[in-house]
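Listed below are the structures to be examined.
The same subunit A turns up in both complexes below, where it pairs with subunit B and then with subunit C.
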Partner chain A sequence: MKASLKRILLKGGPFIGLILVIAFFSIAVPLVTHHGNFFTYHNFKIIFTQTVIVAVGALGMTMIIVSGGIDLSVGSTIALTSVIGARLLQHDWPAGVAVLAMVAGGALIGLLNGTLIAGLRMVPFIVTLGTLGIVRGTAKWLAENQTVNYPTPLQKAANADWHTPVDDWMTTADPDGMALPVGVWVVLALALLVALLLCRTVFGRHVFAIGSNEQTARLCGLPTVRLKILIYGLAGCLFGLAGLFQLSRLSLGDPTAAVGLELDIIAAVIVGGASLNGGVGTVLGSMIGALLMAVLRTGTQAMEWPNYFQEIIIGLVIIVAVYFDRLRQGREN
Partner chain B sequence: MKRLFAALTLLALSACSKAPSDQPAAGAAPAAGVLQIAVIPKGTTHEFWKSIHAGAMKAQLELAAQGIKVNVLWKGPLREDDREQQIQVVENFIGQHVDAIVVAPLDSKALVAPVETAVKGKIPVIVIDSGLQSKALTSFIATDNKEGGRIAARELGKILGGKGNVIMLRFLVGSASTEEREEGFLEVMAKDFPAIKLLSTDQHAGATRDSAKTASENLLTKFGAQVNGIFACNESAASGMLLALRDAKLAGKLTFVAFDSSETLNDGLQKGEVQGFVVQNPMNMGYLGVKNAVAAIKGQKVEARIDTGVGFVTKANFDAPEMAEIVHPPLDKYLK
Partner chain C sequence: MTNPLTTAASLRLAGIRKSFGATHALRGVSFGIAPGEVHALIGENGAGKSTLMKILSGAHRADAGSMELAGRPYLPENPHDARLKGVAMIYQELNLALHLSAQENILLGDESARAGWINRAASRERARAALAQLGHEALDLGRPAGAFSIAEQQVIEIARALLKQPKILIMDEPTSSLTQADTEKLFATIGRLRAQGVGVIYISHFLEECRRIADRYTVLKDGETVGSGEMKGATLDHLVTLMTGREVKDLYPRAAHATGAVVLEVRAAVSPPRLRCATLQVRAGEIFGLGGLIGAGRTDLLRAIFSLDELAAGEVCVVGAPAGRSTPRARWTEGVGFLSENRKEEGLMLSQSIADNLTLTKQDRFGRFGFISGGRQRATAQRWVDELRVKCRDAAQPIGELSGGNQQKVAFARLLEHPAKIFLLDEPTRGIDVGSKAQIYQLIGDLAASGKAVVVVSSYLPELLGLCDTIGVMCRGELAAVRPRAEWTEAGVMRVATGGE
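Right after this comes the complex of A and B.
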């Protein structure tokens, strides 16, 4: 009885952590600040919206980390694809084309990473540290070192024909309305898809196999090189989508956007129970991890704590999560 | 897999059950009659923003003395050039139902959506320091940069006695506030000082002090001996120019007018290398931002555009009491 309780605590760690953090802020915010509330639908609508970019990134990162890899170039990829999208919109391409181009751009960067890592047998950490710089530089180059603006709301008003649906996908437009932005639904759908891909397909089994023990996987006849390139490519598609949502939120292409976001994304995946050694990780856990990040950020602001508190707390949460991971592995061994 | 579905459903259910509990909560928000006013700078470490914070706290103290309880919520983005972070800060304040928002937008376009969301939620928004491409905001409180440029031109023209050769160093392509200064400067030069010859007005200093120094060196190499007066239109451009003038042994030998103050420029002023600089009044921005936010909450009429004024600092008035708040803002008095 006692043992199974401990097992639930360890297995459901991320979920229990999220509930505890939400409960803490829900009680503490009204008590400490004497105004405002944390546990309201409208506050969570904002939190969900703010989770989208990290969540989409975390979906791709989950695949990569489960396969025993890592990708540090995500933030740069988001910036570059958002610049690509803004450039296309600026030249009157329809939104659909821009979306496809952004996903394709992300995929290309992923394929490049995958090829360098699997084909040339280099360490993912170093390769993606390199592409982090290359991609960020390319984004600034393509954007001519400034933000890429397509027509603004005022210009739109002057010329009523001009409208891009992209701007509407991530806004919390009506603060009193109940509707969630498109981006949130896309994340939920993608999360289901990636979860099915990882748990119900042969490809998914192979991802876990490579992550658990690459040599064994190769000896069993798995095409590890091709698989790895595919994993990074697929994840790249998702990073391109994250770039789309970044573009939608800023309503401009910003080559300096999402600096350091890869760390938030990796943290979300690790907090969600994945292991940096590979072979372990769930989509649901990563989504909870991403949500936890946004809740912590919103919560620290609602508590009127200064910015540095937020950074310290998120750092502590990561360490606690990794400690839980150790406990879990200790039990299983 | 089953567990995943179960948990997702659980998550969805818990999200749904939040909806009804929200109604009474929203009603209870404006407790105790304290007005919650969010003040959102572009960053929090630079002295310019600390002055704005001090101004906001000054307004809070004054309003308290009048019996109006105000709580200033000071929160900037985590990283100082991160548009996404500033959007999140604005959104989170909307989620907390603050009574008004005072914001210095990092970007004139990216911040439009969250600001308009706030306005739709009946939260008045006062924009300070930098413009926003939106008609929804209650008021725009900032320096009249064009007037600042005009003042620089008048002062420089006066010192030069209405004749001589002048160089104007621009800041960045596409920087709205500095382009207005340049425009104001050129306008007065053309109108009031027709005898002054403008040697160069098309060079940009770039974003950093270092790039400004390079651009200045190129200008001084080309025109060095003929130049009588120089105007640099922001702090980094002016500091770069001052460094280049010192290297070229020209510092103090010609008339140099700058925009904004800094330790480097204050030092130059004392040594007679800088004849004066136009200064903005950030403390007044924070002060008027909060004051007008309260007026807007109370349904009083608020001016759509409020100028926080510019001044001209010279060696003579550097220590004068009316300049004290600008040159040495009393940060400790209000931020302790």
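Right after this comes the complex of A and C.
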């Protein structure tokens, strides 16, 4: 009985954490502030929308972390791809082309990371620390060190009703409506896809195999180099999509956006139960982790706590999550 | 200070019991050692030696039984406390801070210091004295520990243990990574300790060594003391019979098997740094043994055959496959399977399930269009689990939770399931219990009988001689001699392995 309770606590840790945090804010917010109820559909619509970028990033990061890697260049990739998208929209390319270009841009950066890591056998942490700088610099270069705005005065002059569907995908402009923005649905669909990919396909099994023990994977004849490049490339596609939602949220391409977002994304995956040693992690956990981060942010704002307080709390949550991971591993040994 | 020779330092254990959950690791062990005695503790893996040593060194606490050191009750709180009380342990894997100097390592945790400042002269003096006690006063104290050979590192570690003037020194498999010459030096060191009245508990699988160095022996089997006495009167056969509870010849069942055509050929293979030259032929239905000392290049030869390491010269031909550069992936396709000697680091994914570990080489077989049917995969794994009597909850259990023997059965089943035609087995019975061992010998025999080719690397001579049809012995990176088993003896293998022939 006691053992099974412990098992539930460890297995369902992220989910229980999420419930506790929501319960806390639902009680505390109306008590302490004049904001009224925290536990409302409207609030959750905002929270879901705010989760989108981190969640899409966390999907890619889950693959990478399960395979025993890490990618610090996500934030920069999001900024660069959003600049690429904005530039294309500025030049009157259709939204579809912009989306494809952003996904392709993310994929290219991922393939570069993967090739450096797997092909040249370098440590992922260092390689992606390098590309973090390179990609951020490239984004600023492409944006000429300022935000990339659209429609340009020229576009406005040609067509007063200039509009791109990209701007609609993350909108919460209609706060009383029931509909969730497109971005949230896209995340749900992608989460299902990535979960299937990881759990039900040979590729997914191989991702776990590489992360659990790369030497065994090689010994068993898995094409480890190719697999790793593919993993970073696929994750890059998702990071490009995260860039799309970044662009959609701001309605402009900002080369300085998403600084430090890689840490939120990695934290979401770790809080969700993945192990930085590789071989362990779930999509569901990562999504709960991403949601937990967003609830914490919204909740602390609703409590009117200062920003720095929010950072401290999120830091604490990460440490607690890693401690849980440690307990879990202790059980296995 | 008392003269160590007159200190009554005998250690006595009676009725020691220890359980981990449902597993009874020790079921009543009694054991005694006098001052200045070298006592060999013998037993198969899983017999309870390591548990007993952990209790002695304070890492575990016994559930029942009594321990006495020099006539007083001995109940160590932890390894540090055990050392203070006079029981020190030298582990098989040395515990040195490789970047620190020899002197710093010897004094680690016991620095000569005042108010945090190290007294360098006194430090050197004490380190030097400890080394002198071992007859190694010439060792360069300022060199980083990592720059010394394994044998010298061991001396540094023993010197560290001597600082606390131990009454009992436990050595766990001290010669497993030593050369013959270094083993001799270690024996000289042990001789000095004996002369100084230190009781040495010597744990080793090398029975010949135990017979040479030890005064008395105790044999453990399944957590119990099954025999103990003077080493002088004990024969090798007697010790083996005590350890295994069976005659040596029963352990290696020989299924009749005939050899066929050559299926694997290695010609003058070179793979730096360890493998310098090897030429051999293996036939279908043949069990080919590779003997030699650790580090002689046996593992490197297997890895080169399996294309895990690249060849610098020479060639490996798997009959029916294209010659030239290959990969482990291609080898599996050609029907070559490899069982790593290093289960934990290379052979298995410890956090993954038995089913995933067992089917990793060919997972696409368990589904369509890249998707996997977990049910079919688990059913296949379950079949092997039943057939090989792997002790586990079910095929979905993470393999890290199984015992070494059961892990090895799963690792072996991976080759059987693939299925391989040529089996490259690196130390297939290392670190597993006798029951699993017998089962693996049986499997190997059956494989040969069904026309598969098997290459076995083994450091254990009776295994090599009991199991194989042909034996090749490696020495310093070269495959020095290949002969039918009938032409080999244990002494003969050792002579070639140590470069004496």
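Brief remarks on what is shown
The criterion applied here is as follows: the second predicted complex is superposed on the first by the 322 of 333 C-alpha atoms of A that agree within 3 Å, B and C clash if a C-alpha of one lies under 4 Å from a C-alpha of the other, contacts with A are read in each partner's own complex, and residues count from 1 in each chain.
Simple rule for what comes next: contacts are C-beta pairs under 8 Å (C-beta built on N, C-alpha and C of every residue); 3 or more make two chains touch, one makes a residue touch a chain.
All values derive from a computational prediction rather than experimental measurement.
Following the overlay on subunit A, a side-by-side fit with no clash is recorded for the pair subunit B and subunit C.
Once the two complexes are overlaid on the shared chain, A:221 sits against subunit C while remaining clear of subunit B. In the superposition on chain A, contact of A:200 is made with both subunit B and subunit C.
Of the two partners subunit B and subunit C, more residues of subunit A are touched by B.
Of the two partner chains placed by the overlay, only subunit B lies in contact with A:36; subunit C stays clear of it. Of the two partner chains, subunit C is the only one that A:209 touches; subunit B does not reach it. Superposed on chain A, the gap between subunit B and subunit C at their nearest CA atoms measures out to 10 angstrom in whole units. Put simply, subunit A uses residues 200 to touch subunit B in one complex and subunit C in the other. Taken in their complex, subunit A has these residues touching subunit B: 15, 34-37, 39-47, 49-50, 53, 146-147, 149, 152-154, 167, 171-176, 178, 188, 192, 195, 199-200, 246, 249-252, 254, 256-260, 282-284, 297-298, 301-302, 304, 307, 310-311.
Those residues of subunit C that touch subunit A in the complex are listed here as 306, 308, 327-333, 338, 340, 345-352, 356-357, 360-361, 363-364, 367, 370-372, 374, 398, 400-401, 414. Subunit B contributes residues 1, 3-4, 7-8, 15, 18-19, 21-22, 25-26, 28-32, 34, 36, 44, 71, 73, 75-76, 78-79, 81-84, 87-89, 91-98, 107, 109-110, 112-114, 116-118, 120-121, 133-135, 173-174 to its touches with subunit A in the complex.
Residues of subunit A that touch subunit C in their complex: 200-206, 208-209, 212-213, 215-223, 275, 279-280, 332-333.
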